[in-house]
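Would you mind keeping the following structure in view while I ask a few things?
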Amino acid sequence: MLSQLPLLPVLLPLLGAPACALLRRPLAAWVFSCAVSVLALAAAIALLAATWQQGVLSYALGGWAAPWGIEYRIDLLNALVLLLVSAMGAAVLLGARASVWREIPEHKRTLFFVAYLLCLAGLLGIAATGDAFNLFVFLEISSLATYALVATGRDRRALVAAYNYLVMGTIGATFILIGIGFVYMLTGTLNMADLAQRLPAVGQSRTAFAAYAFIVVGVCLKLALFPLHLWLPGAYTRAPSIVTVFLAATATKVALYVLIRFSFTVFQVEYSILALPLETVFVVLGVVAVFAGSLVAVFEPDLKRGLAYSSVAQVGYMVIGVGLGTVAGLQASLIHLFNHAIMKGTLFMALAAVVLRLGGSTYAQMQGVGRSMPITTACLLLGGLSLIGVPGTAGFISKWYLVTAAADREQWLLVLLILAGSLLTAVYIWRLVETAYLAPRQSPASIAPRALEAPAGLLAVLVVLALANIYFGLDTRLPVQTAGGAANGLLAAVLP
Amino acid sequence: MSTLWLWASDACLLIGSFLLLTGALGFLRFPDFYARIHACGVTETLATGFVLLGLLLRSDDAMPQVKLVLILLFVLFSSPTASHALAKAAWNAGVRPRDNSGKRRVSLPHTDP
Amino acid sequence: MSDSNGLLLASLAIAPLAILGIVLLRSRPNWREGVSVLASIALFAVNIGIYHSLQQGATLSWRSGEILPGLRLELAVEPLGALFALIASFLWLVTVVYAVGYMRGHGEQNQTRFYAFFALSIGCVMGVAFSGNLLTLFLFYEMLSLSTWPLVVHAGNDKARHGGRVYLGVLLGTSIVFFLPAIILTWWSTGSLSFVPGGLFPENTDPRLLSALLVLFVFGVGKAAMMPFHRWLPAAMVAPTPVSALLHAVAVVKAGVFSLVKIGVYVFGLDQLAAVDSREWLLYLAGFTLLAASIVAMQKDNLKARLAYSTVSQLAYVTLGVLLAVPDGVTGSGLHIAMHAFGKITLFFCAGAILVASHKTEVSQLRGLGRQMPFTMAAFLLASLSIAGLPPTGGTWSKWFLMLGTLDTGALVLTAALVVSSLLNIVYLTLIPVRAFWRFDGADEAAAPTEVREAPLACCLAIGVTTAICVALFLFPQPLYELVAQIPLGGG
Amino acid sequence: MDVFSYFNYWVVVVLMMLGFFIVIARGNLVKKLIGLNIFQTSVFILYISAGKVMGGAAPILADGVELYSNPLPHVLILTAIVVGIATTSVGLALVVRIHAAYGTVEEADILEQDATC
Amino acid sequence: MLCLLVATAIALIAVRGLLASIMLTSVYGLLSASFFVTMDAVDVAFTEAAVGAGVSPLLLLLTVAIVGRREAASNARRLVVPLLLVTVTGALLIIGTLDMPSFGSPDAPAQTHVAPRYLQQSGDEIGIPNVVTSVLASYRAYDTLGEVLVIFTAGVAVLLALAPAGQGGSARAEPPAPEHLAPHTILQVVSKLLIPFMLLFAFYVQFHGEYGPGGGFQAGVIFASGIILYGLLYGLPTVCRVIPPPVVEVLAAVGALIYGLTGVLSLLAGKNFLDYSALAADPVTGQHIGIIAIELGVGIAVAAVIITIYYAFAGRLHTRED
C-alpha cells in the first residue's frame, strides 16, 4: 500500500463523494465524510513523512509512465499543501455539524457533504498532480463544487456571489486552459517536469510569454490577488459559515501553490520572475492588496466581510514573498500560506459559532459577545492576534520570515510597508475586541434565544485550531523546515 | 458502370443543393411564418433525401450505406414532424397567416393565445 | 543548579497558576483574593531565592527548542533583571493588599477579570525581567501590552475605551513599526539576538546602521515613554488606581526603561553605544522630555494626570542615564528604576486612598485634606521628596549617580536640565501635601466634608510599607547598589 | 506565407474575444453564460487546430494509413467540453434561483435591489 | 467554416433577445462540430454536436422558459472597459501566436513529442483502433475519471441549487402540471417510433467507441436526449414515473463509482490505480475489459446526470406555473 501513498489523499475523497451521495440520511453522510477526510489526512501525514525520507515521490496513474500517462509527483511543496488542505478539510468537517444543521435545509444536507468532499478532492488533486491538464480538470471539480457550496448560503445575495464567482472563476480557468494550450503547442507535452525540461529551449518565444501571462492572470483570478479579487468578499461573506471556513483556509492557498508551481517549476525562475518585470508587479500588487484589503476591512460593518477583505490583504503578503524571487522569500510565502490557513480557519470557525448563536456577524450583533460566548471569543481573539503577528503566535513567524526576506533584498521600504500593514490589521482586530468585551450587551429582545457558548463539537475544533496558532508560533519546525526544503527544492538548482 | 453511378450521384447532389438554396431563399423572402416554414420544411426533406441518395451512390462499403439509409429514414420522419411542431406551436402562440397586403386573412376558433 | 533553574521557571509559572485559581474561585471573592495574595507572596519568595542563587554565583538559564533557526526562547538571570523582578514582585504583594481595600472600597465591577489580568501582567513582567535574548524580551513585552489593556479599560465606558485605544495604539504601533524591525535588523546583521555583555555588534558594523538601530530601539520601546510617544501613559490613567500604581508607575513603564538599559548594555555595549552618532541628539531629546513633561505636569490639575506626566519625566531620567553610555549613568539608571518605583507607587497609593476616602481627583480640591488624612498626606510628602531626589529618601542616590554621569560626559546642559527638573518636581509634587497641611484657609473649610477619614486599612498598610522603604533606601542603599554594580558594563 | 499559416489561429483569437466580450459587456446573466460558452468553445477550436496535421487522417488506426492527426488534443477537448457543459448547467441553475429570488436576470437591476436593501 | 463561426458570433453580439441568442449558440455549436470534423477530430465533433448543439441549448431554453426571453439594452458607457480588456487580451493572444509552430505542420513539437507513441504503440499496448479512446480511457484515464466527477459535481451542484424542499434532495416532479401538450398527437406518435431507436443508437455508440468515434460520454448524452425528448412530449410526471428521479441520482453516483472501483480493482491487484493490465492475465485483454468497464461507468454517470439536471430545471418550470 505504501507505493500507492501519493494517490490516497486524493482518491479517498474523490471516490468518497459519489459513495456519500448514496447515503440518504444527512447524519450518516456527515459521519462518512468525516471518516473519509480523516483518512485522507492520515494519508497526507504519511505522505509528508515519506517525502522527507525518500525525496520526490512519483506515481504513474494507469501504470503509464510520464509524459504519456498522468503522473502524481510529490515533493515537499506538494506534501505540505496536501497536508494543510486535508488537515483543514478534516478539522472543518469535524466541527461542521451544528453549523450545517442550522444553516442548510434538511433536504440539502447530504448533497452539501457530497459537494464538500468533491471540493476537497478537487483541491487535493490540484496539489498532488504533476500534469498541467489534470490540474485544470481538478481545478474545475473544486470550482464547481465551490460555486454550489457558496450558493447554499441563506441570503439571496449568496446566489449572486456564487454566480459572479462562477463567471470570474470560469474566465480564470479558461485563461489557464489557453496558457496550457500554448505551452502544449510549443513543447508537445503536458507533464510539468517534462515541460520544465523542454521549455527553456523555446522560453524566449513570444508564445511562451503569452502562455505564462495567461496562466498567471488565470491563477491570480482564483487567488483573488488585487485587483482580481472582486469575487472573493461576496463569496466569503454570503457562503454558509462552514464553507467560508473551508474556502478561506484552503482555496486561495491551493491557488497560490499553483502560481508557485507554474512560476518556479514549469517556467523556471530565471524566466518567470527575473527576466520579466514580474518581481515588481507581484511586489507592488501585493503591497497594494495589503493596504487596500486592510483598509476596507477596517471600515467594514460586518466582521465576516471584513475578514474576507483581510484575506485579500493576506494573499498580498504571500504574493510579495513569491515576488521577491529568493529562497527566503518563497519560504516566507509558504510559511505564511501554512500559518494563514490556521489563522483564518480559527477566525472563520469562531465566526461560524457566532453566527450559529447570534444569527449574524455584524459588529452591532456581536456587542458583548465576549461575555455570552467567552471561549469562542477568546479563540477569535487568538486568531486575531495571530493575524496581527503578535509574538508567540504563528502570525509572528510569518511576518518574521517575510521581513527578513525583504531585508535580505535590502528593500527597506518594503519592510516598513509590511509592518505598517500589521498595524492596520491591529486596528480592525481591536475594533472586534472592543465590541466583544466593552460594548454593552445587546438588549434582551434582539439577542438570539440561546446566546450561549457554541456546541461542544464545534467548540472543540475551534479550540484546537486556536491552540494551533500558538503551537505553530512556538514550535515552528513543521512549516519552517518543510517550507524551507520546498523552497530550496524549487530554487536551489538555479539560485546560489 | 462506376462513371454512370458517379454521374447519377453528382446529379443528385446538385439537385439537393439547389433545392436547399431555394428553401433558404424562400425562408428569407416569404411574407409570413407559415409560408416560410413551408418553404424550408418541404424543400429540406426532399433536398436532404437527394443529398443522401447522392452520397449513397458514391460509397462502396456496406457499413456506410446502411448508415446513410438509416439517416434517410430518420430525416424522413423527423423533418416533417419538426415542421409540423413548429407550425403548431406558432398557431398555439397566436401567430396568424397574412395575405399580400400584410393583413390577417384567417380567423379561426382559437383566437386566445 | 537544576533547583535554581526550577526557581526561574517557577517565577514564570506562578502567575498562570494564580490565574487558574482566580478564575476557578470567581464566585468566592475572599478565596479569590486569597489566591492573589498567596501567589504574590510565593512569587516574591521565589525571586528572593533567585537573588540568592545569583549572589552565590550560580547562572540560571533555560532555553526552549528552536523557534526560528538559531533562535530560541531563552531565559537568563542577570543582576538588573533580578533587581527588576524583585521590585516588581514585592510591589505586587503590596499592591494586591492595597487593591483588595481599594476595589472593595470603590465597589468596582468585574473583579475576577481584574485580578486575573493583574496576575497575567505580572507574569509577563517576570518574563521581561528574565528574558535571555531580544526575541524573548519582545515576546513578553508584547504580551504585557496586551494583558494590561483589559485593566486599562476596566471601567468599560467611552472614556476608558478611548484611553485604551491610545494606550494600545501607541504601544503596539511603536513596537511593530520600530521595535520589531530593529530586532529583525539586528538579527539580519549579526545573526544573533542574545544578550551579550559588551554588545553584539562586531567592530566593523556600519555606523549608519547602528545609528538607525539606536533610534529604532529608543522609539520602539514605547513603554519608555520617550516624547513624542508618551501619550499612552496619561491615557492609561483611566484605569483603576492599583493598576496605575503598579503597572503604570512600576511594571509596564519600568519594563520599558529596563528593556532600554538591557539593550544599551547587552546589545550595543557601552563602548559601542558611546560611538553611535544618533546617541547625541537622542540624549538631548531625553533631556527635553524630562523638562517638558515636568512643565506639562505642573499644569495638570488632575492628580493622576500630574503623576503620569511626572512618570514620563522620570522615565526620561533613566533613558538619559543609559544614553550617557558611562558606568555612572547606567548605575544611576538601575538605581532610579528602583527608587522611582517605590516613590511613585506610594504617590499613586495616596492618590487612590484620597479617591476612595474623599472622592477627590483634582489637585485643587486637596487643600486642607491633610487634617482629615494626615497619614496619607505625610506619606505623599515623603514619596514626593524621593521623586525629587531629596534626603531623607532613596531617590537621592539615583539622582546623584545620574548627575555624576552627566558630569562624566561633560554634558553640562544636561546636568542643568536635571537640576531644573528636580526643582520643578518640588513645585508640582511636594507642594501638594504642604498645601494640604498648611495652606488651609477658612474659606474652604465649609466645603471640606468633615466626615472624610483615612482610607481602608489595607490601603494604609500598603502606603505605610512603601513609604517606609523609600526612607529605608536612603539609609541602606548598599544591597541595591551592589546588585546594580554587578551589571557587566564592558567598558567600565 | 507565415502570415497565412497563422490565419487559422487569428480567427480563433477573434472568436475567443467575441465570446469574452459578451461575458464582460453584457448585463443579462443568461447572455453572459452564452458568451462564456462561445469563449470556451473557441478555446476548443484552438486546441483542435493545434492537433491537425496537414494530410493526416482521423486518429482511428487503419491499415495503409501512415499519417494521423494528433489524438491528444482531442482527448483534452473531450474533457474540456464536459467541463464546459457542467459549468453552463451550474450557471444556469444559479440563474434560475436568482430569478426566483430577485425577479430579474439583469445585473443592473440586481445590483440596484441589493443596494437598496 | 471559420468565417461562418465569426459571423455567428458577431450576430450573437448584435442580437437582442435570448431566444435568438440560444438559436445562434446552437448554430455555433453545430458549426464548430463541423469544423472539428474537417480537423480530423471526429470524436470531439460528435461530442460537440451533442453538447454544443443539443444539451446546452436545451438547458438554455429551459432556463429562458423560466426567466423570460427579454434582454435589457446594454449601457453604452459600460462598453469602454470591456472593449479595452478584450483588445488587450486579444493582442496578447495574437502576440502569442506569432511564435507558434505553423498550422498543420507535422514537425510541430506537439506532433513529434508525446503523441507519436499513442499512434504507434497503442495498437500493441491497448489493442483497439480508436486512438482517442485509447488515450482517453487508458493513457489519460485519470483525466477522464476527473471528467466524470466534474459532470457528477455539476449534477450535485444543480440539485443543491434547485432541489425543492421536503423530498430528500431529489428533484421530483410536482403534481401534474397543466397538460397543454396533450394535443400533440403527431409528435407523440412519431417520437414513440423514434425514441427506441435513439436509445438503441446510444447503446451502439457506447460499445462501438473502441472502433469508431463514440464512447461512454456521447452515448450518455444521446441516451439522456431520448429520455428528455420523451419528457418534453409526454410531460415531466410521465417520464418521472418511468424513470424516477431518485433512481437516476443513485445511478449517477453508481456510474462514477464503477469507474473508480475499476481503478481500485487494479490497485488491489497490486498494480497502479487504473492500470487495467492487472484485470486479466493478458495485459491487452485487461485493457479491453478495463476500457469497457469504465466507458460503461462514464455512460451511466453522464446519462444520469444530464437527466437529473433536466428534471431539476423542468421541475422548476412547473413549480413556477403553480
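For clarity, chains are labelled A, B, C, D and E in written order, and residue numbers in each chain start from 1.
To be clear about the criterion, contacts are C-beta pairs under 8 Å (C-beta built on N, C-alpha and C of every residue); 3 or more make two chains touch, one makes a residue touch a chain.
Keep in mind that this is a model prediction, so the values were computed, not measured.
Graph distance from subunit A to subunit C, where chains that touch are one step apart, equals 1.
Contact with subunit C and subunit D alike is made by A.
Each chain's centre was taken as the mean of its CA atoms, and the one lying most distant from subunit B is C. No other pair of chains has as many C-beta pairs in contact as D-E. Per-chain Cα centroids separate subunit A from subunit B by 57 Å.
Separating the CA-averaged centres of subunit A and subunit D is a span of 28 Å. Chain centres here are Cα means. That of subunit C falls 74 Å from that of subunit E.
Contact of a single residue of subunit D with at least two other chains is seen at positions 16, 20, 33, 50, 72-73, 76, 79, 83, 86-87, 90, 94-95, 97. Residue positions 93, 97-98, 100, 108, 110-111, 114-115, 118, 140, 143, 146-147, 150, 153-154, 157, 161 of subunit E each touch two or more of the other chains. Shared contact sites, meaning residues of subunit A that touch two or more other chains, fall at 133, 137, 140, 144, 147-148, 151, 178, 184-185, 190.
Listed by label, the pairs of touching chains are A-C, A-D, A-E, B-E, D-E.
Here subunit C touches subunit A in the complex through residues 64-69, 73, 135, 138-139, 142-143, 146, 150, 153, 156, 160-161, 164-165, 168, 172-173, 176-177, 180-181, 184-185, 187-188, going by the rule given at the top. Subunit E contributes residues 2-3, 5-6, 9-10, 12-13, 18, 21-22, 25, 28-29, 32, 35-36, 39-44, 47-48, 51-52, 55-56, 59-60, 62-64, 66-68, 71-72, 74-75, 78-79, 81-83, 85-86, 89-90, 93-94, 97-98, 100, 102-106, 108, 110-111, 114-115, 118-119, 122-123, 129-132, 134-136, 140, 143-144, 146-147, 150-151, 153-154, 157-158, 161-162, 211-213, 217, 302, 309, 312-313, 316, 320 to its touches with subunit D in the complex. Here subunit E touches subunit B in the complex through residues 184, 186-187, 190-191, 193-194, 197, going by the rule given at the top. Partner subunit E is touched in their complex by these residues of subunit B: 74, 77-78, 81, 84-85, 88. Contact residues on subunit A toward subunit C in their complex (touch as defined above): 385, 388-392, 397, 399-401, 403-404, 407-408, 415-416, 419-420, 422-423, 426, 430, 434, 437-438, 473-477, 480.
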